[in-house]
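Should a chain be cited, it is by its letter among A, B, C, D, E and F, assigned in written order, with residues numbered from 1 in that chain.
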Amino acid sequence: MDRVKTGTIGLDEMMHGGLLPQTATIVEGAPGTGKTTLGMQFIHHGIVHENEPGIILTFEQFPAQYYRDAANFGWDFRKLEEEGKLRIMMSSPEVSRAYLEEAGGQIEEIAREMGARRIVVDSLSQFERLAEDPLELRQTIYSFMNGLKREGLTAIFTWESMTLLGGVEQHKTTIPFVADTYILLRYVEMESAMHKALLVLKMRGSDHDKDIRQFTITSQGIQVQSRFEGREGIMSGSPHQMTDSFMRAFVKR
Amino acid sequence: MDRVKTGTIGLDEMMHGGLLPQTATIVEGAPGTGKTTLGMQFIHHGIVHENEPGIILTFEQFPAQYYRDAANFGWDFRKLEEEGKLRIMMSSPEVSRAYLEEAGGQIEEIAREMGARRIVVDSLSQFERLAEDPLELRQTIYSFMNGLKREGLTAIFTWESMTLLGGVEQHKTTIPFVADTYILLRYVEMESAMHKALLVLKMRGSDHDKDIRQFTITSQGIQVQSRFEGREGIMSGSPHQMTDSFMRAFVKR
Amino acid sequence: MDRVKTGTIGLDEMMHGGLLPQTATIVEGAPGTGKTTLGMQFIHHGIVHENEPGIILTFEQFPAQYYRDAANFGWDFRKLEEEGKLRIMMSSPEVSRAYLEEAGGQIEEIAREMGARRIVVDSLSQFERLAEDPLELRQTIYSFMNGLKREGLTAIFTWESMTLLGGVEQHKTTIPFVADTYILLRYVEMESAMHKALLVLKMRGSDHDKDIRQFTITSQGIQVQSRFEGREGIMSGSPHQMTDSFMRAFVKR
Amino acid sequence: MDRVKTGTIGLDEMMHGGLLPQTATIVEGAPGTGKTTLGMQFIHHGIVHENEPGIILTFEQFPAQYYRDAANFGWDFRKLEEEGKLRIMMSSPEVSRAYLEEAGGQIEEIAREMGARRIVVDSLSQFERLAEDPLELRQTIYSFMNGLKREGLTAIFTWESMTLLGGVEQHKTTIPFVADTYILLRYVEMESAMHKALLVLKMRGSDHDKDIRQFTITSQGIQVQSRFEGREGIMSGSPHQMTDSFMRAFVKR
Amino acid sequence: MDRVKTGTIGLDEMMHGGLLPQTATIVEGAPGTGKTTLGMQFIHHGIVHENEPGIILTFEQFPAQYYRDAANFGWDFRKLEEEGKLRIMMSSPEVSRAYLEEAGGQIEEIAREMGARRIVVDSLSQFERLAEDPLELRQTIYSFMNGLKREGLTAIFTWESMTLLGGVEQHKTTIPFVADTYILLRYVEMESAMHKALLVLKMRGSDHDKDIRQFTITSQGIQVQSRFEGREGIMSGSPHQMTDSFMRAFVKR
Amino acid sequence: MDRVKTGTIGLDEMMHGGLLPQTATIVEGAPGTGKTTLGMQFIHHGIVHENEPGIILTFEQFPAQYYRDAANFGWDFRKLEEEGKLRIMMSSPEVSRAYLEEAGGQIEEIAREMGARRIVVDSLSQFERLAEDPLELRQTIYSFMNGLKREGLTAIFTWESMTLLGGVEQHKTTIPFVADTYILLRYVEMESAMHKALLVLKMRGSDHDKDIRQFTITSQGIQVQSRFEGREGIMSGSPHQMTDSFMRAFVKR
């Protein structure tokens, strides 16, 4: 099956080639972990290397912010938008529900017009507060995701988490159950510095790498590296060294 | 007593041959742990190897999604449905309560018509939100389970848990008390990767294996493997190496 | 003082002969820990070995379920009921409060008629939701317990706990304060398997064994074994090996 | 200053002779830790060894229960009550507030009549639910305590805690601030058994022993023993051995 | 700058001479940690050694209680009050809000009349419940503190904490932000006994000692001692020995 | 790109030269960690070394308090204000919302008039309580931040945290997502003393140092130092020594 490359070095490899086409992916992380960067990289890569136009749907940030942020990685979003390959759609939270309800409406129209194949929704968290009943919310989001898939779009939804450092993550919503792919970005404290970890927890319809990998945000975007060596409890955000290595040191003597 | 084989390698062994006929099983897990896969495997195995037609009752996912997901394991659900051996019934959450109340209604009719012996309800979590009073909800679910049993069905209910990584699981509902069998699927972090663990916590009317076993999702479905060696605190999701092995290393010198 | 033997091997020993007559015991545990089995064994032992007829009062499960479950241990509850030595009384949760209020009513009558000496109430948890005011609930339960005692009955109340694995148990209700005896059943993870632990936390009017003991459910019912060796933190559900043994290993060299 | 001996071996020593006269003491503990036993011992010791008549004010248990419980320790409460040296006053929770409000009423009268010097209120927990506003409740209890003191009574209030095993105890009420003395009874798991610990946390107007001591309930009542040796984290309920002893073992070699 | 000596040995040193004049200090601690003693010592020292009259404003305890408590340390508060150097003002919680609102009212008058320079408010916790809106409460307290400062008073506010033993202290109110100085008193379990720790967390306008120091309550009042040696996690209330010393022991061999 | 130097030694280095112009920064910390000091230093440095006038917008503290606090570091805020280079604007919480809504109003006017380039908002926490709906609040704050940026201002918002010591920080609001830069100040217990740690968690549009660094408040303001050596779990507030160093000690022998 064809894969939709995210363009994030290492991540496509972890997903055995990339995302499955016409699926919905949730990328969850705390502030500064790089969710939006991953999304922008996905859109930029699609346009520039795969000839797949893309949409960024935002409920808070102005297009200008995306232009500026993208420019840091050498991505000229303004130009791409002028060329009709990118469209940054902004909506205030007040009208976002309407967007959802008439999903087949404006977004559909624009997607068809520009031949969009990818979309980033930044962020799913703003949806979260639109319905009081969690079941109703879940249905709305599920319908919205299905609407995007029907349009032939492969979608990334960013999701904000305020768990700065590990611990037991016990979500109140069950939204990740409706996504096809679920990627976690986490902070990890090691040697008196904050590192970043990436994990593909779930990928419907495909095998995937289960490693917890380090990643950095470079001037070329996100780069996923090797997994953490000799540490236990990484997902807690504050791993400790494994007694394993301790043992080995003794036994080898 | 005859056993209802789940077809999941290793799991039937853990349950001393399989599930007991006409019992209700809860399979609980976080997103991506393989609950639905286990359920589909149970249905597929029944139809293909035991000549037992089956029903999948879904409150969210479209039949097409099950067709796609099953195809990944080489299971042709569309064909089985056409042959009348499988029936994927979909219900929106709004009418699900009605389904429950007239349990003897549509489901009963279909089950008899096709001679169904197995059913997967995907998922129990959607029931959870239908009643505000936990006692009333428990009664409704208990009645529903009993209704299925009376029809001669052996049932698997998937149950969504958002506890991504261990910790103290303190459920607010007491639904697992009404199930005959209670199976937990959990994520376990080891060596900078996410592994999966399976545990049969409760099995009414039969002895069972109490091991916490590793399992993987392969192209043939779920495969349960051996238990974890030399680790303490597996159910916490972040086990550490046992000092035992540490000691042994020293003492043996 | 005479003791009321539970028939559970090891447990009577821990309680210096058995329960005190005309007392109320709470047996608390997670799903699958064996609360109901302990209760059935108590009733069966009374009838068969002590010639003491018994009642099982249930608010959810049908008598047929008890027949089936008892049969697994070779106990013929149907026959005992036909002989008038056992009575399984079922009540829907709706009428359970009425049962409580007219405690001296139907239960009293039946108990006298059949000369019952033992009763199992399965489960106390269903009472828990009948009153919103915890003080009122506590009073109702206390009165109910006293009513049973006045009838000369020795009572076991099962109590459902959803704490699957240890941690700090901080109950919201204070019901255990009104019971004479308080027995805890807990899961304990050791060597990648789930073990079961039993503890007599409180026994009014008698000394008792304070050990935390392992137990298993065999084809003869519950069998309490020796205590856990060389482990700390058993009640946390995830014990670790004691450094003690570690030390000893070193010092002995 | 004269001390009011509790008669509990070891505890009086810890309090440099006993309680201060006309003070209010809170004894807090989980079910089965011995709060009521400590209170009964305090009353019995007063009557028999100090010639100080005493009152037990109960909001739940019948006098007969105290007779039975006391008899286990060889204390004949029925006889003491007949001799006018003991008075067990019972109140249903409904009228307890009235008792409080007219504190100077019935209790005062009885106390004067029999020349009572000691009182046990079993338990303070039932007060806790009588007022919704915590500040109002605190005032009511404070007034009640002051009323008892004015009558020349030295008072022990039992207080129920459902924290079975340590952890961070974060009370919602601030009642212990109004007590003169605050004693904690706790369960401690050691070597696969449940031990009991006693701690005098606060004693207004007197120095006191700060040790965390083991205690047992014997046929003579509560006996406080030496402190725990070589353990850290006792108040957590699940102490571990100190690395200290570990070190010493090594260094001594 | 001149300092306002608290008279507590060691604490003045930690604050580089004492409190800054006309500042508000919060002293927080669990029951029995010595908050009120620290406050009384501050008032007594001011009157006797610095010739600074003082006020104790109480919302619960009667003056007689302060007389008794002070007498334990050899401080004759009754006499000081007769000499016009001390004033113990009592207010019921009901009128406390009024006190706050007309801060410039009665307290101001008394302070001027007697030339008071110091005040202890015992306790701030009672304020906490007077307003439902935390922002409104904070404003009220801030205004009250400023009112006292304008009168030339240096103020200590006691604050009750029910966290008996460490753990993560996550206050719901943000009151400590409005105080100039914030002192924590904590229980620390070490060698099976409860020790006390003192920490100056914040001191606006002055450098201060950041050590976590042990302290005891002697017959002369509070005495702050040296810091804890070779322990980690003191603020958790249950420190463990540092592996540091462990290492040193090994390496030195 | 030009950088806006904070003047805090070490911090500018960590941010590769300083803040980005016209961005909003959140500085979060517990009481006494130095948030306001960092803000004042930012304003003072701007005026004195960069010739950039600044505004301090306060919702609680009086200007006099800033004068006093600044004087401790030798910064003459009164004089700077007289020279028109500094403006301390005070608002009661009641009118703060109005300030927000007409952001372009008074603040804009003053900023233009004095040519302000920097602003400190002390504190964001007071905003937090102005709207019940978190989404509405977030929008208001985001608009306010954008308003300041449009005026050419580089802004620091202090944010109060009551987490005195580490643990899992799970914010209820998601405000840090709208900030460009997010700096955490934390207490860290080491060797029986409280140290302070600083961390730049997020910096939009720029690479930055990910180290967790120690810092102290000296008579010259905040000074950021090197990172912590040989400790794990610093962000928990109670780090432990790494077994790493332990190992090294052994292996080297």
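Note that in this section a residue touches a chain if its C-beta (ideal position, glycine included) is under 8 Å from a C-beta of that chain, and two chains touch if they have at least 3 such contacts.
Just so it is clear, the model here is predicted, and its values are computed rather than measured.
Undergrad: Which chains sit in contact with both members of the pair subunit B and subunit F?
TA: Of all the chains present, those in contact with both subunit B and subunit F are A.
Undergrad: Taking only the C-alpha atoms, how many degrees of rotation bring subunit B onto subunit C, rounded to the nearest 5?
TA: About 60 degrees of rotation relates the two copies.
Undergrad: Same or different, please, for the subunit A to subunit F contact, judged on whether over half of the interface numbers appear on both copies.
TA: Here the answer is different, because the shared fraction of interface numbers falls below one half.
Undergrad: How many Å are there between the centre of subunit A and the centre of subunit B, using C-alpha atoms for each centre?
TA: From the centre of subunit A to the centre of subunit B is 29 Å.
Undergrad: Residues of subunit D that contact two or more other chains, please.
TA: 167-168, 243, 246, 250
Undergrad: Could you draw the chains as nodes, link the ones that touch, and say if you get a line, ring, star, complete or other?
TA: ring
Undergrad: Can you list the ring's chains in order, from subunit E toward subunit F?
TA: Here the ring, read from subunit E toward subunit F, comes out as E, F, A, B, C, D.
Undergrad: If you look only at subunit F, which of its residues touch subunit A in the complex?
TA: 133-135, 138-139, 142, 146, 167-174, 176-179, 182, 184, 199, 201-207, 210-213, 227-229, 231-236, 242-244, 246-247, 250-251
Undergrad: What residues of subunit D sit close enough to touch subunit C in their complex?
TA: 30-32, 60, 62, 68-69, 72, 92-93, 123, 125-126, 129, 160, 162-168, 187, 189, 191-195, 217, 219, 237-241, 243, 245-246, 249-250, 253
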